[in-house]
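One structure is given here, and the rest of the page talks about it.
Just so it is clear, A, B, C and D label the chains in written order, and each chain counts residues from 1 on its own.
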Amino acid sequence: MLAFLAKRIAIGLVTLVVASAVVFLVLEIVPGDPALLMLGMNAQPEALAALREEMGLNQPVLLRYFGWIAGMALGDFGNSYTYSSPVLELIGERVLVSLPLALISLFLSTAIALPVGIFAASRRGKPADTISMGAAQIGVAIPNFWFALILIYLFAVWLRLVPAGGFPGWDAGLWAGFKALLLPAIALALPQAAILARVTRSAMLEVLGEDYIRTARAKGMPRRIVLWHHALRNALIPVLTILGLQFAFLLAGTIIIENVFYLPGLGRLIFQAITQRDLIVVEGVVMLLVATVIAVNILVDIGYAIVDPRLRTRR
Amino acid sequence: MNTIKSIIGGATLLLAAGTAALAARTDLVIGVVLEPPHLDPTASAAAAIDEILYANLFQGLTRIGRNGEVLPALAESWEVSDDGKTYTFKLRSGVTFHDGTTFDAEDVKFTLDRARAENSTNAQKQLFAAIDTVEVIDPQTIRIMLSAPQGSFLYNLGWGDAVIVAPESAETNKEKPIGTGPFKFDKWAKGSSVTLVKNPDYWGEPVALEKAEFRVVPDAAAAIPALLSGDVQAFPQMPAGDALSQIENDPRFVVAIGATEGETILSTNNGKEPFNNIKVRQAIAHALNREEIIAGNGSGYGTPIGSHFSPANEAYVDLTGTYPYDPAKAKALLAEAGYPDGFKATLKLPPPAYARDGGQVVASQLRQVGIELEIIPVEWAQWLEQVFKNKDYDLTIVSHTEPNDINIYARDDYYFNYKNPAFKEVMNALDATAEPEKRIELYQTAQKIIAEDAVNGFMFQLPKIGVWDAKLQGMWENSPIQANDLTGVKWSD
Amino acid sequence: MTPDAPPPSPPPERHFLEMAFANRSFVIGAIITILVAAMALLSFLWTPYDITHLVVADRMKGLSLAHPLGTDHLGRDILSMIMIGARNSIAVAIVAVGIGMGVGVPLGTWAAARGGLIDEILMRFNDLVFAFPALLSAIMITAIFGPGAINAIIAIGIFNVPVFARVARAGALSIWPREYILAARAAGKSKALITIEHILPNIAALLLVQGTIQFALGILAEAGLSYLGLGAQPPMPSWGRMLFEAQTRMMIAPHLAVFPGLAIVITVLGLNLLGDGLRDLLDPRLRRER
Amino acid sequence: MSLLEIENLSLSIAGHPVLRDIDLRIAPGEVLGVVGESGSGKSMTALTVMQLLPELARAKGRVTFDGVDILAAPEEAMCRLRGDDLGMVFQEPMTALNPVKTIGEQVAEGIRWHTGANRPDAEARARAILDRVGLPEAKFPLSRFPHELSGGQRQRVVIAIACALKPKLLIADEPTTALDVVLQAQILDLLRDLVAENRMGLMLISHDLAVVADMADRVSVMRNGAVMESGPTVGVLSEQKHPYTRQLAEASTHVPARARSQEKAEKQEPQPLLSVSGVTRDYPGRRKGLFAKPEPFRAVDNVSFSLAPGHAVALVGRSGCGKSTLARMILALDRPTAGEIRLNGETLGGRSEYELRHARRNMQVVFQDPYGSFNPRHRVERLVAEPLHLLDRKPTAAQRRECVAEALESVGLNAGDMHKYPHEFSGGQRQRISIARAIITRPKLIVADEPVSALDVSIRAQVLDLFADLNQRLDLTYLFITHDLTVARAITDDVMVMHEGRIVESGPTATVLQNPKSEAARALVAAAPDLERAVATRQRATGD
């Protein structure tokens, strides 16, 4: 297990290095000059040249790459062109919005999806199953940003229960911050919950057909207890896989949702940075997201091993 | 639909009742569209910086007033020599920066020398191009010598790019701005908001607000709910679009339609076939239906213009009748120019809605007279690179938001590729003239020249749609300069 | 003769149509999908209005006989916009799925056939691509080439590659140990030939089902990108962009946001139902009643 | 007074009748053997007693267990019975245990559920019963997971679960079918002892007459969902009054008529058809630690033998002894780590696929699973014609069709069958198609890997006849890989016994099987169920 974990982490690191090369190469050939963009239409050539020098845009690409990657390894992601402050600092501020958002929605989607999926599986073919899976089917088809719009107009503008958007900052109080993240989290969570509920149901159905379920039933355990004690843990394996994949989707989803709710999170940061050609910020955020996805995949692998003893002895 | 409205109306009343209970607030949340890249107005062209800090936190020697007039600020008074080349400013005494350091003539000299230095990153270096030397006479007096007379010099000193900074804090202004204004910097939650608080040691009349938060609300989709839910109480420039009609009918809010310095034009590459032919440009001018373009731009506000000049300016002349909407005439002119069947061209559109939506309306209108436009949406960076820098374009739509910028038509390397010696002469004369009447006359001549040359398709002046809580007093209706001057703003009770 | 009779259950091919018509998901999904496709095709020949001709005076009209779904903020007929928008959505999704299948399936089957190092490299490559969610790669591609439908296609297509590679590999790996593959190898067939003759036909159903899922995801992803302004650019109508433009006008003209949104939901729903139905019909493992 | 009484039981699943008028009785302490071929309804009868039927099943009639009317009993009552008074052991030990729970948990769970015992008490009882079924604490602590056990060990755990509370009736549904003969004998012994110790009733379901004859006091023969004949084992199996019983018995001891090829072997052709010398195959083993070098697992260990043309040779051994690996190397589907294999004097090692074409033409294969050995999407014509790919000149479509027709006819199918899909054929027919595919290139050697073990006994007899017939007609040489000694006995001239990767004994079939010398061979022979022997033993026992 330890050897497996070590191998997994090593692979993760190699993937990360390759990803960093891809990111840097891809973004270094961007057509467009950040200095020109920053100084605007009436920029003077001298001012432009000065700014380019200051930004280090005149150095060779390879040197900049190694500088960048070495910096990142030491926790220095460089300085934002537009904010003229350290990228790590910017990211640090934004993570406090994006990470809670992703976690709340992950929690919500799991809390909704698992019971619904299990319930539907236990009522297979009955009206409760048909209705919940029909709802899930529609949930999968709804674009989250459209759902977000509906939520805003319903809960913020109409019922005035929560803010329509924006983020007061955590120093405005935990509750105020949570309230601001609630609608975005719901908008993100619902479509994911629909997918997860469907996966949970089919995983449960698959497991319920296994021989060991029959063995457990032959022990005299009632159906309900077999469902929770024997089926659920086995059904968690595909559910975990999907959860891992979904975390990546959630991160990406925050880019859209943070724009709908104008939350100052990583998604907004990267989106703004793109339009302002603030490449160092783009690169930093992309690397962070990629690293997160890789880390989550490793966590999912650990989760597999916790759930399934067969995988604990894996090489 | 009606029921929706009545329910919303009901909710509105509830909120109105709720806020009425609060007496004389001293805090204000102002919505701004763009977040500033940093907080130093002397190191970026970004209007977002001035919109937060100008007049509130930073001050210049002069300031631009509500209606575009030049008023004294850190300079109490000034004298101009007869040849118009020497300006002597008497500075206000007892002024301190927010970090406690004293303001004096050395700070002014530092600021101006820094701005015009070789390695300056000031985005508007040309403002200071005329300065020859800056001389400290005594701590309260400074003399500026110009190499040539410049009529707009006092106005130029009122720009946000010319605010006075202290040598002690100049380098850190980007993160922690230190100025002389009635508000001082509190915090900047990046991506979200910039907060200013009242400066208790202000040299002038103290402001009514204790706290002003400038919250970044990027687009209409976010702005409307934010306004309706009361999160934001004022939008000096509301990206409201069509939803404005709904806000206008809401008694909680005041909608102030003012003028901006943003001339929205169909920029034309005068150096390229067939646009180098004045008949073609005139045909385009005749083909444009300004009313429809304005209507298609959402709010329906916006003043039609016939030249590159703000209707808010005292020197403005209405030239919209130069080439009135007349598709038949346009076709005829095209035929005269040798294009009886029209021609094909491209229209590059930067991201703002006025360009993307307006561009589709323009394309539809030009199609009526036989000009087929291929719409090419571009990002700002591409626009700057392709259109602005490399002049690789046929037509484009852009709003020129710099104040009083008609002189760009005199620049040879400007992206319009417009070259008219007569116009340049007028500009040179303008620079040499300080008399107000004379200057107005020259401005008007300049407006007429470019209108008649149909250099660009002159469409409309971007409206400044200010929306704020009805109980808020003292907000600026016009924006003669990119700023939100809060010195006179207070809550009525 | 002893009762060594063929199995009584109907073989998959013979009664396929009969079973298909009895499958509710499949029928509803197929009808919706066909209607949307037909609408997109029809838009090449005819739309109720010419959407390049703007009648600004008619802007934001509600539902009427002349404009069954109303008009947008530039006076364009929304029904016509949705019809042409379907074209864009379908085209993006088809090409993106095509890229995913075209690259992913050969890679996946190759890895399954070769195993060892090549398999390992492919799986690591998959990990790498999976680490970039579609939206992220779309944003990066947009940073290079600027926004546009083509870039949306590339981004979604790139993301589809590892999806199909994984499905094809897993499917192929489950076929390789079958005895008929051993028999084919005993008949001297090369791995490439076996892949073409035996593996591909047997994972085709799997790929088809995954294809419909990715197709639906592609439409959603395209809508998201267009909504952010990274997808199709005006004047090309696109459902996501229509939603973006409708967003600010939702309170005064809700139909602007309702219909493009419904178009997305219905299309995706149809494709997902079709996929579910196909899975039920084609995947014998799930078909078998336990 | 019967423990279990089934009267007039009829069962339908989703409207399809599955059981008709079943009557069965089991007295306390009695062993009832239920025999029948696949589809005879044996398992459904068992599941009806357990009330673990599929959802759409509808049962009629009466099933009384220990005074309880099972068909009318509510689910809670059944839950009280199951695992306490009624235990069940299933066929497939590999999947019958929950992979994520320890064996201790799984055994103790039923104990706690029924007795309300606390965890330590239940675990102590679980420990005791695991000890009893032959899983001592030292090697099999309660914390073991199922995947750490072999198939036979897992079946012991399942038996422990079923017998933990000393049920009055144990139902064992083909409990040894998935195990090799040696394990089968051990498990059957265990069951026999447990039943005797606790005076349990046992319903032993099996397709194998010999197993039932060995174990059961009484036998019921089922076919097509109905009971054909019931009675005391000795009576039913020795008299074989019912024609179906006789048919079954004959089929399971069937020996195809074939001229002993001993004379042919006498001729001693100068060159063997196949010669295997010093063949070894290692697989990379599991890494023990992060830096420990993985120890390879040796599947085949220095095997040498040769095969004369026209001979039929059996390669027998327990599962996992390496016989299938050896077969794959002979077929050039896997490469030996060391050693050499020659076909007709031509070495197979280090050849490219193209160079192997000639060898492959002379050597074809028949697999065990008649369902898995065909691509379900191809028609029979294409399936059977597949080896024609090995010909140097591609045949025309007409030639190909002719070859296929000929091959099909020689295995007893119609030429017209070539247009059908494999799923339209029964298991026996499919195995014929499989043979047709193997002979289409007129090979000299056929390697048959358990070719009849998935077939019911009567079909098995027919397919064996076909093998014997082709051996004569086409002068084929056979290498039969099998764990079933009756097959070896029925059709082969020589036998080789393989054990842990080595060939430990070889010689003429009759000699080796009657008088095995090596320990491995003796164990195999002793464990192999034998109908005649079992009946004779039982007759002697009852005769006394």
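We take it that a residue touches a chain if its C-beta (ideal position, glycine included) is under 8 Å from a C-beta of that chain, and two chains touch if they have at least 3 such contacts.
On a predicted model such as this, the values are computed, not experimentally measured, just so you know.
A comparison of the A-D and A-B interfaces places the larger number of contacting C-beta pairs at A-B. Our note on geometry: chain A versus chain D, Cα centroid distance of 50 Å, whole angstroms. The distance from the centre of chain A to the centre of chain B, with each centre set as the mean of the Cα atoms, comes to 39 Å.
Between chain B and chain C, the centres computed from C-alpha atoms are 46 Å apart.
Chain A and chain C have Cα centroids separated by 22 Å. In chain B, 8, 221, 351, 379, 382 are the positions where the chain touches two or more neighbouring chains simultaneously. Chain A has residues 30-31, 149, 153, 157, 259, 277 in contact with two or more other chains.
Contact between chains, per the stated criterion, is found for A-B, A-C, A-D, B-C, C-D. Interface residues of chain D, counted against chain A in their complex, comprise 50, 52, 75-76, 78-84, 87-88, 90, 92, 95-101, 106, 109-110, 113-114, 145, 147, 158, 161-162, 286-287, 289-290.
Those residues of chain C that touch chain D in the complex are listed here as 2-7, 11-13, 178-180, 182-190, 197-198, 201-202, 289-290. Interface residues of chain A facing chain B in the complex, by the touch rule stated above, are 30-34, 36-44, 46-47, 50-51, 54, 82-85, 90, 93-94, 149, 152-153, 156-158, 160, 163-167, 169, 259-262, 264-265, 268-269, 272, 275-277. Interface of chain A with chain C (complex): residues 11, 14-15, 18-19, 22-23, 26-27, 29-31, 137-138, 140-146, 149, 153, 157, 209, 245, 248-249, 251-253, 255-256, 259, 270-271, 274, 277, 279, 282, 286, 289-290, 293-294, 297. For chain C in complex with chain B, the residues that touch the partner chain are 52-54, 56-57, 59-60, 62, 73-75, 146-148, 229, 233-235, 244, 247-249, 251-254.
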